[in-house]
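For clarity, chains are labelled A, B and C in written order, and residue numbers in each chain start from 1.
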Amino acid sequence: MISDFLNPSYLAGFLTLVVIYAVFAIGLNVHWGYTGIFNFGVAGFFAVGAYTSAILTKQPASGDYMTYIGGLQLPYFVGLIGAGLACAVLAFIIGIPTLRLREDYLAIASIGVAETLRRVFINEMWLVNGTRGMIGIPQPLHGLVDTADYKYVYLAIAATVLLVVYVAVERGIRSPWGRVLRAIREDEMTAAASGKNIFAFKMQAFMLGAFIMGIGGAMYASYVRAITPDTFVPMFGTFLIWVMLIVGGSGNNKGAILGALAVWLIWNRTGALVSEAQDPRIFYVRNLLIGVLVVAVLLLRPKGIWGEEKRVSVYAGKEPERGKRKEEEDAEPPTTTVSSAEEAGEGGGAT
Amino acid sequence: MTVVLEADGIVSGYGEVDILHGVSLMVDEGEIISVIGPNGAGKSTLLKSVFGLLKLRKGKLLLDGNDATGLPPQKMVRKGVSYVPQSENVFPSLTILENLEMGAFISGDNIKERLAEVYDLFPILAERPHAKAGKLSGGQRQMLALARALMLQPRLLLLDEPTASLSPRMVGDILTKIRDINESGVAILIVEQNAREALNLCHRGYVLVMGRNAMEDTGQNLLNSEEVGRLYLGG
Amino acid sequence: MAQLIVIGLIMSSIIALGAIGLTLIYGILKFANFAHGDLMTVGAYIAFLTFAGGGHIGPLSFGYGMILAMLAAMLVVGLMSVVIDRLVYRPLRRRNAGLVILAMASLGMAIIVRSLVYLGWGPDQRFYTSGLQYAHQFPLGIALKPDQMFIGATALVSVALVYLLLYRTKLGKAMRATADNMELARVAGIDTEQVVIATWAIGGSLAGLAGVLLGIQSHLMPEMGFIFILPLFAASILGGVGSPHGALVGALVVGISQEASTEWISPAYKPAVAFILLFAILLVRPRGIFGVKV
C-alpha cells in the first residue's frame, strides 16, 4: 500500500493531482464555503478551463483526425490565465439569470449547464475534436530537464500556482469585500438590509471561483496532456471536488486542501488495491466508497476535518425564501457555538 | 368549576435563548382567558409551549388535573385541545371541505353531523365548500381556521392573535364567533395584540411582560386599570 | 413529426411517473432528491433480476413474468426509499440541515446506488428480452410497437391511481395538507411522520416502475436513471413543485419537446432541451405553471 509512495516519481505524480484538485476545491470554497452558491456544475468549468488552455497552447489542428478551434501555441501561463478568464466569462453569463434563484434551483441549473456543455463538446466535432479528444497538450518548461525528472518540475510549478491562489483567496476573504461575502452567506436578508448590492457581490465571487477553477482545468490539461469529454463526467469533475470540500471542511481553504489530499488518497489507494483484480467492474468500488464517505461525513461529522461551524441562525437553512416567522421577530436569534478552528482566526467574521 | 388547563412556571424558548421565564396561568371550564402584553413578551411562545409545539424547559402543564407536560401536538389534539396559529392557518391548496376534513383527521367516525354543526356556526363556509382555501379573503380564512380547530369538538381552544390583519368589521365578526364558540361550552385561551378587544371579550386576563407574569385580573378590571390603559390600550 | 410527438408521449408517460414522485417528495420535504433518477435505475435492474419465464402476453415482448417483476421492482424501490429516508435524510432533517446538505446527501446516495448497480451488473447494456418487435402502422406515419402502447397504458393507469389516492382518500388529502404546511398538519393532529413514509413509498415505487418501463422502451444501463434527472426536475419545476398536475403537464411538455427537437438537432442534446425548458421557466415564472407563490 505505502510502497508506491516510496517511489519519488510516483509520489510526485500523486501530489501533483492533489495540488490540482486542491485548486479546484479552493475555487469551490469561494463559491459555496464563502458565498453560499451551490455550484453543482464544477465539471463545466473544469472542462472549459482545460479545453481553453488546450486551444491556446496547442499547435493548430492538422491531419484528418483532428479538428478544433484555436491552436495558438501560446505559453503555459497565458493558457492558465486564458482558461481562468474564459471560465469567469462563462460564470458571468450563467450567473446573470441563475444567481437570483434559490439554492436548490441554482444547483439544478448548474448541473444542466455542465451537462449541456459536455454534450456540446462531444457533438460539435469542429470545436474540440469531439470524443477523439485533444492530445499532445504542451507542458511548460519541458526542455529544462530530462523527461524522467519532469514530474518534479511540474509539481513545483503546480504547487507554486496553488500557493498563489491560496494566498490571494485568503487575502480576499480577510478584506472588507470578503467580510461582505460572509455576511451574505450567513444571512442574506440582513446583508441586503444593510444596503449592499447582494447580486454584485455574489457575481464577483462566482466569477472569482470560476476563474480559479479554470486555472485548475488548465493545470490538469497540461499534466495529463490528453483530454476528452469523458474526463469531465459529473463524478470526477464535480462530485469528487464536493466530497473533498465536505470531508476537509467547507468554509476555509486549509480544509479544501486537506480534503483534496484525503479524498485523492482514498481514491488512489483504492484504485491501486483493486487494480490487480480481473473484473473491471471492481473499480466501481471506488465510487461506492466515495459515496459512502460523503454520506458518513454528512451524518457523523458535518463540518469535516477542519471545518468551521457555520455561524448561522438556528432556524435558517430550511426554507430560505420564506419570511421569518413571528417569534423570530420577537426573539433575538442566537448563534451556534463556534469551533476552535474558527477562534484561532481561521476565518474573518461578519459583524 | 373544574380547571381545564393549568400552566405552572413555564420556561421555554428558542435555541439558546429563553423567552418565557416562569409563566403560570389557569383556565377554568367555560372561561375565556386573554393574554396581552407588548411585542416580544412571549405570548405566542406561551401558546406554542402549552400546545406542545415547543419543549418546556421547566414547569408543568396540567390538563383536567392530569399531567400533560411534554405532550406533543398530536397527543394534545387527542386530549381535546385545539390550536389555531396566527398566520398560515389553513391549507391553501385544499378546499374548505377538505380543510375541515383534516381538522377531523384523527377521528375515525363519520363526520357528517359534526360538519353540519360547524357549517351552522359558520354559514359563510357552507356557501362554497369546494372553494380552495387559498382563494378566500382574510376574514373567511380566519373563520375556516377556527372551524377547522372545532371539528374534533375540543374542550380547550388556543387562539393566536385571531384578529391580526383583519379589517375592523371582520374583527367584530370574529370576536362574536369566539363568544358563540365559548357559549357552546369550549374554554378559550386567546393571545391578542388587540388588548382592548381581548379584555372586553374575556372573563379573566393575564398581562405578560418580558416572559413573566405581570398582572392578573378580571377582564373588566384590567380594562379599567390605569396602568394597563396607559401601557397597552393606547388610543 | 407526428411520429416524434407520439414517441414523445410515450417518453412523457415515463417522465411523468418519475416526476410525480419527485414533486411529491419535493413538496412535502422541500428537498430536491437528486437520487430519484437512480431509483429508476434500481427499479429497472430489480425487474431484470426477478424477470423469469418466457412467453408473451399477446403481442407484447414479454410474458406474465414481467408483471411480477414490475411489482417486485416497485416494492423494492418503495421500501428502499423509506429505509434511506429513515437512515440518512431524517436524521439530517432533525438536525435542521440546510437544503444543500440534504441535496449532497441525496447525491451521495445516488452514487452509492449507482455503484452497486455497476458492481452487480457491470456497465454493459442489458435487455429484458431479445428479438424484434414489429410496430403497428397508424395514419400520419405513426408507428407504435405494442410494448410502447403498454407503457402508455400502464403509466396512465398508475397516474389515475395516484390521483385517486391524492384526492379521494384520507391519506392522500393528508399528504396534500402536509405539503401545504407541515406544521399546521401536525397541529391538526395528522401524523406527519407517517405521511412522510407514505410519500417515500409512493414516490419510490413510481420511480421504480418508471425505470422498468424505460428499460422496456430502450435498454438497461447503470447510467439510465441519472440521465433522466434533468427531464425529471424540468418537468417538476415547470409544472410547479409539489403539484401532481404540474408534474403531468411538465412531463408532457418536456417529453414531447425532447423528441420533437431531434428533428433539428442531435438526439444527444435531448437532456439539454430539458435543461433549456427548465432554465426558461426559472427565468419567467419560477413557481411553475401550477405552483403556489411562497
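What we mean here is this: a residue touches a chain if its C-beta (ideal position, glycine included) is under 8 Å from a C-beta of that chain, and two chains touch if they have at least 3 such contacts.
What you see is a predicted model, and the numbers here were worked out from it, not measured in a lab.
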Chain whose Cα centroid lies at the greatest distance from that of chain B: A
Most central chain, Cα average position: C
Chain centre separation in whole Å, for chain C relative to chain A (CA means): 31
Interchain centroid distance [CA atoms averaged], chain A/chain B, Å: 52
Cα-centroid distance, chain B relative to chain C, in whole angstrom: 42
Numbers and ranges of chain A residues touching at least 2 other chains: 314-315
For the chain C and chain B complex, residues of the former touching the latter: 170, 173-174, 176-177, 179-181, 183-191, 292
Parts of chain B lying in touch with chain C, wherever the complex brings them together: 51, 53, 73-74, 77-78, 83, 85, 88-94, 98-99, 101-103, 105-106, 134, 148, 152
Contact set on chain C toward chain A in their complex: 30-32, 88, 91-92, 95-101, 103-105, 107-112, 114-116, 118-119, 122-123, 226, 229-230, 233, 237, 266, 268-269, 271-272, 274-276, 278-279, 282-283, 286, 294
Chain C-facing residues of chain A, complex: 32, 38, 40, 97-98, 101-105, 107-109, 111-113, 115-116, 119-120, 122-123, 234-235, 239, 242, 246, 280-282, 284-285, 287-288, 290-292, 294-295, 298-299, 302, 314-322
